[in-house]
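Scrolling down, you'll hit the structures one after another.
Both complexes shown next keep chain A, but they swap its partner, so chain B is in the first and chain C is in the second.
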Partner chain A sequence: MESLTLFNFSGQFYALLGAALAALLAGIGSAIGIGIAGEAAAGVVSEDPNKFGQVLVLQALPGTQGIYGLLIAFIILLKVGLLGGDGMVDITVSQGAYILASAAPIGLVGIFSAIAQGKAAAAGIMLVGKKPSELAKGMIFAAMVETYAVLALLISFLMINSITF
Partner chain B sequence: MAIVEMSKLSVIGLNDNKSDVLKELMTLGVCEISSQDEKLSDSEWAALIKRDFDQSAGLSADMKISEVSSALEVLDKYFTGKKPFIKCRKPVSEAEFEAKSSKPEEAEKLTALVNEKYKKVLSLKAQKTSLLTEIAELKPWLDYEFDLDMKETKYSSIIHGTLPNSVSVTEVESKISQEGCGGVINIVSKDDKITYAVAVCLKQDKENVLGILRQENFNPVYFADIAGTAKENTDICNGRLQEVEKDLSDIEAEIGRLSQNIEVLEFYYDDLIIERDRYKILTNILRTEKTFYFDGWVIKSAVENVKSVLDKYNCYYEVTEPEKGEEMPILLKQNSLTEPFQAITDLYSTPSVNDIDPTPFLAPFYFIFFGLMLSDAAYGLILSVGSFILLKHYRLEGMMKRLVKMFMFCGISTFFWGVLFGGWFGDMFGISPAWFNPVEEPMTLLVFSLILGGIHIFVGMGLKAYILLRNGQAIDAICDIFLWYLLLIGIVVFALGSRIAPIATEIDKWMSIIGAVGIVLTGGRSKKGVGKITGGLGSLYGITSYLSDVLSYSRLLALGLATGVVSQVINTLGKMVGGGVIGVIVMIVVFIIGHVFNLAINTLGTFVHSSRLQYVEFFGKFFDGGGTPFNPFSRKTKYVEILKEEK
Partner chain C sequence: MGREKIYPYAVARIRMLENSLLTEKTYTQLIESKSAAEVFKILSEAGYGGENSIDIKNYEKALSSRLAKAYSDVKELVPKEHFPDVFLLKNDYQNLKVLVKSDISSVDGQSYLVGGTTIDIKDMKEAFETKNYGCLTENMAQAITESYEQYAKTQSGQVIDNVMDNAAFKDMLKVAKESGIRFVENYIKTLCDITNLKSYNRIKNMKKTSNEFENVFVHGGTVSLDTFKKAFNAEGTSGGFKETAYNDLALKMDEGFTAFEKSCDDYLMAFMRDAKYKSLTVEPLLAFIYAVETEVKTVRIIVNGKLNGIDTEVIKERLRDAYV
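Moving on to the complex of A and B:
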């Protein structure tokens, strides 16, 4: 029994863990993704400084996962009453675990899709370096990846939205 | 509203009139003169004609242009007046352009002067760098009071050099004396890695001492062409540096003054470009002893104008209509409402001859989707007003103008959806929605988004059916589009049927079955043998792609939520600080920074995702692209726009 007490956290803890993981994983993914794209962008700008604006647009694309993660984290905090005036509501362990599970899609899909999107954006930046008129196509390649982050965001949102205390 | 109709033009004229004809055609700017490589490689043609191109003339024009453009770059860099935020072409009348570009001597003189001055600037900058290097090199030796060029005295040698800080000077000295040599090492200065030192020893021991020093990683320093102490030399360098800097700022100020005349060079540059293009087009013109020949494309509505020019110069010409499906350059024409949305088509691809122009069809959907994804009334107002101001203040052209105008339109849509969903900087003012709040009722908006998506996809399929019917492929239209309509509508209504009426369920069950069976039977019609069966099943499996296409429109909801909730985050953060003067100030700062960030990132996201829905889900159904854009023989000026006179 002694070892089980290690996991004997309150429901509130699990809910906050969910909020933390949503912001944390998706944020890490976006940071890495933007970093990958930024390296490529600096390379292209070193050849032609006039392309700064174009490549910056592409570099920003993997940033959305971090925002989606923040969004879900924020909604969880609202839900558990941490941002309101009345303080945190009581949450059972199973409710807390439910919130943790709801945060999983955007956290996990966020981190991997942002990294993948960063690579696609970097490739798009290379494309713009060679053919500046093809910016739109580079953007679409990166946006294809983002679809799955959008879907994960949607599922996370719908799951959290449906819970009541 | 569509792809502009073109006519084919072939012209034969006399060489004496050639330059006048070309000049007038260029002013009209409605013809594209085609490459004649094919005819030149045909032996029958090649026997009669040759390419009309004087390479040296084109080359000298190119050289002049590159000189002028480097002078323009210099002037732009040192331009002292107010620079516009966006550089736009200046409108001038035909007469003004003629007048201002009629004096090339002045412009040529200015070009030469500017380039010469800039060369001087570069050489002065190089001098400055070398002086700074010298000063930096002398700096560690400033405390050494003897002349640097003094390498020996009557009996002793003096060696200047550096040692790593890790080496102890006293140890080195004792090593020298152990070897039986006489010598001392004086430390001049130290920085964080290196000790600058002078070793003095007897002349006959010099080689030995140097050997010992080298073992301790000693690097001799030689002062070439320097007389006197480090201090004296530094003073001289500083003096020269001041002179160089003064010269530099004088010349730069002079260039700054010259930059007031930048307009002269801009006119000259554009005049040269026009002249160069007139030489270059000769590559596409064929000639015999007395005559010239070219062919190409003319905008159909402008054929009469071209004819009158050709008649004036007694050219023999022929205007024919293109055959069906013949490759020709593509020009799109829109009405004023759909015109800005051509930016989206242009960013993707020029339609091919067999396509239809997708712009009028994508425009309403783009308008709706953009607003739905951004969905904040205040953001919409900012976007529209901002774009409007840009359009009023700057003479934007081409893609830039279209995009800005498109954002102005989409801002209106954003405002509209913002009012419906109650977004005014998110929940800042607590204005209640005219329809419903998507954060509270996400399922309603999700269903609405998917329905919008379904309509979008159906319109795309309808356009494909239209193209197929136009090309006389009625069977393909029925099998690939109408059966799918039957199946998809059937499935959707069947699923919802029980809510509408039981009889609908029955009808739609049979609609789906007919559709599905039809697709299985006809899907493999172009294949042979077993392929007919597997092909049919394979094409029914395509239903999964329709499912994923429709689900893709859930991003309409997700991005709308992203804008709304991030606004809410910003507002909550801003209000957290609490009351008091400081609280209000912090709140305002957080609001401004936060909402500017949110507007920027979400406008970008919205732009990308509305485009994606057009490119992937919509264009995928009917649009191929890959056409060649119409590239008329016209005056492609960079700095001025020569206004056509109304006749």
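Moving on to the complex of A and C:
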């Protein structure tokens, strides 16, 4: 029986785990995505330093997932009372698990979509390298990926909002 | 997610360097120009020869330095990878051929040695002279010994070529396999097949036997020696390749020698053009080297054509498809 108690965490732990995963996974994704795009951007700028401004816009695109993750993490912290100053509210294990579940969409979609977006952004950066006038098109291609990160953010947000204590 | 290794920096940089490749428009200008002097002027403007203006005396140098720069650019971008060597190895073997042949014939072959090699020419010469093949690959060392043996038996310079070519493909395939990149491996296999198809076309047109062909066949491609032998015994030149991937290409053999050689180069270029749609993996780096090699070849065709006063239309027929 003793081993079971190991998993006997409180609801608060699950809620915090949700907040952590939202920020963590989406953040990792964004970091990798921006890294890939950044390498490509450096490649272009090494040959033509004047393109810095254009490629920077594209490089920043995969960064949004990290922000979405942060946003959801903030909302969870607010919800459980950690940001209000009144201390953490009491929540049951199942309530905590609800919160963890609602953090899953933005965490998981965040990490994969940011990496995919990083690759699309890198390709867009190369497009700008060859044809500087096509910056807008390159941005649209990369921004398409954003749709799914936004959808995941929406679902995570709706789920958390509808949990009542 | 794919597990292929990605090279965002290198590919982006190559994409930028691709901007410096000659375009169809420049080729048209080159062909339509009235004299070789005009050709040299356009080439200078396109960046050939660097600071120096190019003329009939130094244009070869400008072409080879263009090629050398492409090799070194790619090597620099992926310093830990060996796959660019598949392009350099043929130059190593060219030099080995020159060394062996000039040793046998006691003619100085210095002027036939080429740059763009994996092994420094000086080192190779030293290794060759001292018979200490430590810095050469195993296949190279074997090929040297074997070519002397075979030459002693047959007294034919052609066997040296064949021994060296086979060893070259062995080395290229080895590098390709070690790289683990399927694109590189497929390129070498295709190149091997095309080399065989070219020799087949030549030998068949010379009305020689399939035994002659066996002497120049290189191993490593997807089309087997048997297929070639069968094609030899069949009627006509181009019919025997229906079962292979090269049927369409083989049909070009009927259009004449020049047309077929051009089609072979265009076939390889079409293979390389797939790299245009790869944005992060290694393919564009290889395609870039191939693109520059083809560009240099095309420019050489135009310059030689202009220098010898060859008709514009004739030059046009021989132009290779460009990458961009």
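Points to keep in mind about this one:
The rule is simple: the second predicted complex is superposed on the first by the 165 of 165 C-alpha atoms of A that agree within 3 Å, B and C clash if a C-alpha of one lies under 4 Å from a C-alpha of the other, contacts with A are read in each partner's own complex, and residues count from 1 in each chain.
Everything that follows uses one rule, which is that a residue touches a chain if its C-beta (ideal position, glycine included) is under 8 Å from a C-beta of that chain, and two chains touch if they have at least 3 such contacts.
Note that this is a predicted model, so its numbers are computed, not measured.
On the superposed chain A, the two partners chain B and chain C both fit, without a clash. Of the two partners chain B and chain C, more residues of chain A are touched by B.
With the two structures brought together on chain A, the opening angle seen from the C-alpha centre of chain A toward chain B and chain C is 50°, to the nearest 10.
In the overlay built on the shared chain, the residue A:T92 is in contact with neither chain B nor chain C. When the shared chain is aligned, chain B comes close enough to touch A:G63, but chain C does not.
With chain A fitted onto itself, chain B and chain C come no nearer than 11 Å, counting C-alpha atoms only.
In the three-chain superposition model, chain A touches chain B and chain C at no common residue.
Those residues of chain A whose C-beta lies close enough to touch chain C in the complex are 36-44, 46-48, 112, 115, 119, 122-123, 125-126, 129-130.
Contacts from chain A toward chain B in the complex involve residues 57, 60-61, 63-64, 67-68, 70-71, 74-75, 83, 135-137, 139-140, 142-144, 146-147, 150-151, 153-154, 157-158, 161. Of all residues in chain C, those touching chain A in their complex are 1, 6, 8-19, 279-280.
In the complex of the two chains, the chain B residues touching chain A come out as 347-348, 442-443, 446, 551-552, 554-555, 557-559, 561-562, 565-566, 568-569, 572, 601, 604-605, 608-609, 611-612, 615-616.
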